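Shared chain: chain A. Partners: chain B in the first complex, chain C in the second.
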Partner chain A sequence: MTLVMKHAATVALLLIPLAACDGEKAKQPAQAVAPEPPKGPVGPPTPTASAAQRLTTAQYRNAIRDLFGPEVVVPPALEPDVALDGFDSVGSSKSTVSARGVEQYEAAAFAIGNQVIADPKLLGRVLTCKPAGVTDEACARTFTTALGRRVFRRPLTPEETTKVVTVITTSATTLGTFEKGLPFGIAALLQSPNFLYRPVFGQGEPKQHTGFELATRLSFFLWNTIPDDALLDAARDGALASYDGVKKEVDRMLASPLARDGLRNFVREWFRLGDLDRLEKDAKLFTTYSVELGPMAREETLRLFEDLVFEKNADIRDVMTTRRTFITPKLASMYQIPAPSAEGFAPVELPSDSPRRGLLGQIAILALYAHPTSSSATLRGKFVREKLLCVEIPAPPVNVNTALPEPTPDAKTLRQRVKIHLLETSCAGCHKIMDPIGLGLEQFDGIGRYRTKENAALIDPSGELDGQQFNNPGELAEAIRNHRDFGPCIARKVFQYGTGMKPTQEDNPTLKALADHFAAAGYRLKPLMAAVATSPAFRAMGAPH
Partner chain B sequence: MRALLLAGVLAMFGCSSADDEPDCTTGKSQAYILTALAFTREEPRGTAPGFDLDGHVSSKPEDQSCGKIDLVDPQGAQGIDNQLAIFLPEIEKRVGNAIDGIIQGAINDGRLLIMMDLSGVDDTQNDKCVNLQVKLAQGKPMLGTDGVLEAWQTFDLRKADQKISTAQKGSFKGNTFSIGPFELHIPIAIFDVSFMIHMRNARVRFTLDQEGNAEGLLGGGISIDEIADGVQNGAGVEDIVPQIRTLGKLASDLGYSEEEGVCKLLSATLSFKARPAFVRK
Partner chain C sequence: MKKLNRRSVLRGMLGGGLVTIGLPIFDALLNDTATAFADGDALPKRFGIFFWGNGVLPEIWTPKATGTMWELSPTLQPLAEMKAKLSVISGMKVPIANAVPHLSGPIGLLSGAPALAADKEAFARASIDQVIAEAIGGDSRFKSLEIGVQPGVKTLSFNGPRSNNPAETSPHALFQRVFGPEFVMPGDMAKPNPTLALRKSVLDAVTDDAKRLHLNLGATDKARLDQHLTGIRALELRLKKLQENPPSLAACKVPAAPKEAYPDVEGRPPLDEISRAMADILAMTLACDQTRVFSFWFTHGVSNTLFKGATSGHHQLTHDEPSPQPEVAKILLQIMTELNYLLKAFDAVAEGSSTLLDHCGILATSDCSYGRQHLLDDYPLIVAGTANANLKTGIHYRSPAQENTSKLILTLARAMGMTLDSFGDSEGKTNQSLTAIEV
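Up next, the complex of A and B:
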């Protein structure tokens, strides 16, 4: 039976047309689109480069959850994400699927299909008709039409529908019951490039995303999952053709609990917090480190962002300086403060004299941007430059020794050792813009515990960030919060995440307009996300890079 | 016999004069959770860590110490009352030498969470007015990869059998804290036995390191009769009572009764390590 199923699925996969996935058919970038209503849209209608993005693993899982229910277990092994320019969403525009990945998608599709069919509750969600017999083509068509619309995020063409219906009825005939044919139909849909990728063809001249393409773009940007029926209906009805129509849907989406998932995924990708699952620290040096600490610390950061954006609607730059955070008993012990609850996360205000403030006081950042055996002024400084201030740091030249000298009686602290390292002029150029920032965080060790000494020598956490002096990590956090590039960098990151493409020079006017809008809106993230989602550039479709 | 020893360990900690309010109210509070606890031993002969609990140096057999000769501590201090250190190897021959492991296991799994809560700490280098409360905590402690309770954990106070008491006017001198004597009593629950242990002339002394961790000694007189009586009332462990009483006769060196001509307390000292912690308010 397995052979029959796999064969049928393969046939189905081949039958479903592979759509052009990367927008290469758009020969010329669109020049301009019709002006949007004067009040709302932010930025010029410069088309952003476009490509068919493959669903990230998180998006795949979220899509399955929303298609079939949270009970469905997605196999853990899927084609891994590849980050590009710091974002999986950007990498998904460029990456291909390996042969192994194809097998994994096939296995996952059948595993999911079989789970759905095995549970009447799950099956009832997707099979709304009662089959009259083994080969009830009408019921198979009803099933395929309804499910296919959400899987492909657009209505299936008649040809696509017929091909899936044929797979279902043929399989059902072979296996003896209507229901036994359904996993083949589900598997065919879930292996289709129209599900695994987000094909974009655009329409009009200058080219814009179609309503369904825009719905998909909005949904993955704001929810990190597939569109719901309401959004697809809006696309079907042409409501997304206007700024007002898009704005209405965007406001609805940002008010949905799913928007929290979207924000969390953005922050997760922005800071590469997924890497906390694979954090490795020397267990002998860091006896309080455990494998649970990384995911726990990530959750702390994500909860803080959620709180600032959805509960407080606050100036998001406050993430650098806030004393508020969310901690477990374990994190409380790491921060040397009383645990507010006996288990789980609870909000807490760090003491006013605490050396920790905001993002740079959190273990997620301090431990992630450090070495397995030590802190790292370079990695932490690079994090600030690249992630928070949008400065690209080139990789070190291949012939340069990047290792710092070992501690000596004359150079006990990292600051002293970095000073020696910077005597090499080939290193100094880049390190001078990273290390002084990272040295400001040296009072936190390789897993983010507070310390005042290193190798028995007092740590000096003072420094300077682009002309702004700071004496401690708290003042460094303040300097970053008020840095002129911080707000625009956030706007850039949101735009990059939303479009799935690395901004180019042509995007500068859009980025400038978004940054100005962001500032005018009090640096609140929801208005920024709305501005990006409703911007003409988000709708406009250009050629791939 | 293991029960006896663990009871003895537990008896070293606890409460007395529960209603006494501290006199020294200025300064900060800082709690410590004991992360390690072990009986001290005589090594080399005639030397063991401890305290001069009776304020008297017994350099030769005499009635006051029931014929026991005091020890010298590793730093050379005379008059150390720590008779259990001498007899411990003999006890271990009978019950196995896993005693310290049993104690450590009880700490690590949360059955023996002992907190020392200091208040009125103005200066750990020099402070003559620091109070101590000894409390029992509860909860599932977090252990580091070194197998030791992590620092700065927050614990709830044990609700059942809790009786907090205070020892007053301890002092810090050069990061070393010392306090005592004070009376202790503590509820004990081992196996199916539950009883109260009293301890006399208890002393505490520890030194803080740069990380704020404490390491030091606890000593005092254990009432052998109380332990034996407590165990006597228990279910299924009555068979060790004769051994307890025999041990008492052989080892007791404190609390001499002129009327009876016997000592009723056994001097004992344990070494401990502790880390900063919080008490949930």
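Up next, the complex of A and C:
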């Protein structure tokens, strides 16, 4: 029962009264001016372990879009991402590519190459010279040099260039035209581990990422795609060797529309919103369920984050308490409010007496962290603890009876039934920090519809979060927003996502410095991302994992 | 993390024992009765795993009598027609620490070893399908095939730490992969294709890049890149095979193409339809000798998928439904019905004087015994097929003393022709086979 013991310690820690938060909830600034974030690099130069991360499927698709244009269709079948410690970016540091994955990369590379040569517009973007004959080696070299630099995110070595040029000219000779050789050159670049992985070797003592390595790291972190030419030029010119040089590029990157892709991907990984593609809900029980609901609900959440970060530059903790959201007519009908538009997404302010507030009022979270036929106080409580407050919940102990009693005349609601979790000592350690939070959301059923009763009994959504009483989901949202661990947890998640490594004890000073900076900057997410991207820890290169 | 080099990865894959393997010879002619090749080698053996998540209900899983005179238990009723072609093994235990529900069991069972010390959710060694694939899969077009039924199912086929082989979960994609444009009918002439040599030259360039990188990477990344190179070599082998004329195989037919998609019906995936489409394709994939090792992931552990007729997700029911859990029992009947379909599909393929199923050794199992409590003793185990008369079927063997499940795995590996001294590591290790089902 070591798990439970370990857990008990965590609980004790969490139950320290949060006096500092008392009374804060009444005076949230409505539209405060964003405090100017402190200047200069944040935190010590403590490196995280290094790894050759493989591109996630989203990164592969984005890279192809940026290399060849948004018209190119990437085949759907690619080696699936593996999440570790909740993030695909961490999984990408450790997982491998299977034999089938290698096969799929080959098929994808040729499918892409063949689309490029079939469309003069696409071809013109990557082939800037006019081939003089079937085996124009100089033109093949021009093509390879320019494309290769963006694919490998660094200049190709002369040997690498020659190798690809030979593939192109040999293929062109066999197949009869210069253009027909190009897909083979593209396939050689796109199947290379220099594209599919992000190998890092560093330089100097103590080791730092090279300019090109840092450019790649910044780009996948902030844009979830490969660097553009300007960033590669900055790396080539040595501009990324100084804090000021990096800051300039990071500010440019955060002002780019691509930063929205970066933010969306972070949120998607953080909350595992990709799983909404496979939402399984009993359609007979949940008559409003349909297959498009999951992706639609995800889009609502992502649009809210985009709005708070890019349009409002708001305190991101407001994502818990805001009344603002973005919904379609279908979501509006599920929220029982008038649709803000005839079709598509439109912004809406939920009425101030609405039970829905912020993230925990959204179907994406309520439906994902629930069962196929019912809600789940435990899954929702676990979501809040793990994703929002960064508490690790251990797996339940084995060999215990995990059954919940069926509803009876005496125990009609989930609150009455989950009491058993809190009575069994082997369960209580974990469940008492999860279930009371989830019970605060019980007025939302397994698909996120509002209800006041379960089995004809009134639902009591009151409870307590680490010393803070709440009477309804809206007050629970406030308690989380003002929880002292919420801000530091966001900083930790951003750092973990950006570095692709689970933080260790050694990262604590960095995390503390980032959390302090985040608070000083009014909990604005863009300054936090900039602080991580420009931090000495992000530039430093650790030992291989 | 423990440092790895290629040799230790390989050693892990081969279970730490001595390995000698007679490579299958397939370009020889069959003998007159087509029970074996002319030179006496038997028809190829195939290994498979059929896996479902969330365990069983031991009370209605385990047959009452043992030996050869036993009756199917209530849960095993759907397998009535196949009873003579399978053995039920009960009373064995996965002897590793039960640290992570739904994972410690299959990690211990399939790799014979505890999880990584630093991560109790990670295989430290290869799973048995890959150990066997390493031995017998090298000569076929696909070293192994991983097939999933539940949409998005996660496999437990591992080459080593965090090196997963994900499943094909679309019957259409599986069909295209095996029987698509690149398929050459055994006995037909290979289609001349000038691009094959060009594709090979691309892979040569890629391999060259990988080898250069390899020199400077850390140990873990080296092992990860090795895995990638293994995939590239498999692809090269496949390109080479496309230029060869495969020997004729009487049993091989291109199966009917499956539907393009199997959408959910009222929020529930049509697991039965998907499973049957996969089983039909798989039977011919094996009969056409496209692979000799497969794993079939019906659902995964903690799967909360909605089965037909169930009032809640599967995992939730195993924990919340009051005893004796009639809904869980019905779900298990659905799973056994699909296992039966797969076995029957294999048994319907005549190969020589026996059937494809007779040339298989298939392990059917789950992630724990009693799902409600995640128990690892009295593990649910079925072995189907005799692997060319190397395994005894038609019996119920009940271990008197919670024997180590690695004994069964070692037996299966030996039945496949591997001469392993032992299987597993630490408390999972054994050098004894399960003689009760050994021929």
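Quick note on the criterion: the second predicted complex is superposed on the first by the 501 of 545 C-alpha atoms of A that agree within 3 Å, B and C clash if a C-alpha of one lies under 4 Å from a C-alpha of the other, contacts with A are read in each partner's own complex, and residues count from 1 in each chain.
Keep this in mind: a residue touches a chain if its C-beta (ideal position, glycine included) is under 8 Å from a C-beta of that chain, and two chains touch if they have at least 3 such contacts.
This one's a predicted model, so the numbers in the text were calculated from it and none came from an experiment.
Superposition of the two structures on chain A leaves chain B and chain C fitting side by side, clash-free.
Of the two partner chains placed by the overlay, chain B and chain C both lie in contact with A:A283. For chain A, the partner that touches more of its residues is C, with chain B and chain C as the two candidates. By the touch criterion defined above, A:K453 reaches chain B but does not reach chain C. By the touch criterion defined above, A:D410 reaches neither chain B nor chain C.
When the two complexes are overlaid on their common chain A, residue A:E392 makes contact with neither chain B nor chain C.
Within the superposed three-chain model, A:D353 lies out of touch with both chain B and chain C [touch as defined at top].
Contact with chain B, but none with chain C, is seen for A:A332 once the two complexes are overlaid on the shared chain. Shared-chain residue A:K94: touches chain C; no touch with chain B. Contact with chain C, but none with chain B, is seen for A:A543 once the two complexes are overlaid on the shared chain.
No C-alpha atom of chain B lies closer than 7 Å to one of chain C in the superposed arrangement. Chain A residues in contact with chain B (one complex) as well as with chain C (other complex) are 283-284, 286, 289.
Chain A contributes residues 50-52, 54, 77, 79-80, 82, 84, 94-103, 106, 160, 163-164, 167, 170-171, 174-175, 184, 187-188, 191-194, 196-197, 199, 201, 278, 280-284, 286, 289, 291, 371-374, 395-396, 398-406, 543-545 to its touches with chain C in the complex. Residue ranges on chain A touching chain B, taken from their complex, read 283-284, 286-290, 329-330, 332-339, 342, 453.
On chain B, the positions that touch chain A within their shared complex are 139, 142, 144-146, 148, 150-154, 156, 210, 276, 278, 280-281. Chain C meets chain A in the complex at residues 1, 98-101, 104, 142-143, 146, 151-152, 159, 162-166, 168, 173, 177, 194-195, 197-199, 201-203, 205-206, 208-210, 213, 216-221, 224-225, 227-228, 230-232, 234-235, 238, 263-264, 266-269, 304-306, 311-313, 316, 319-323, 372-375.
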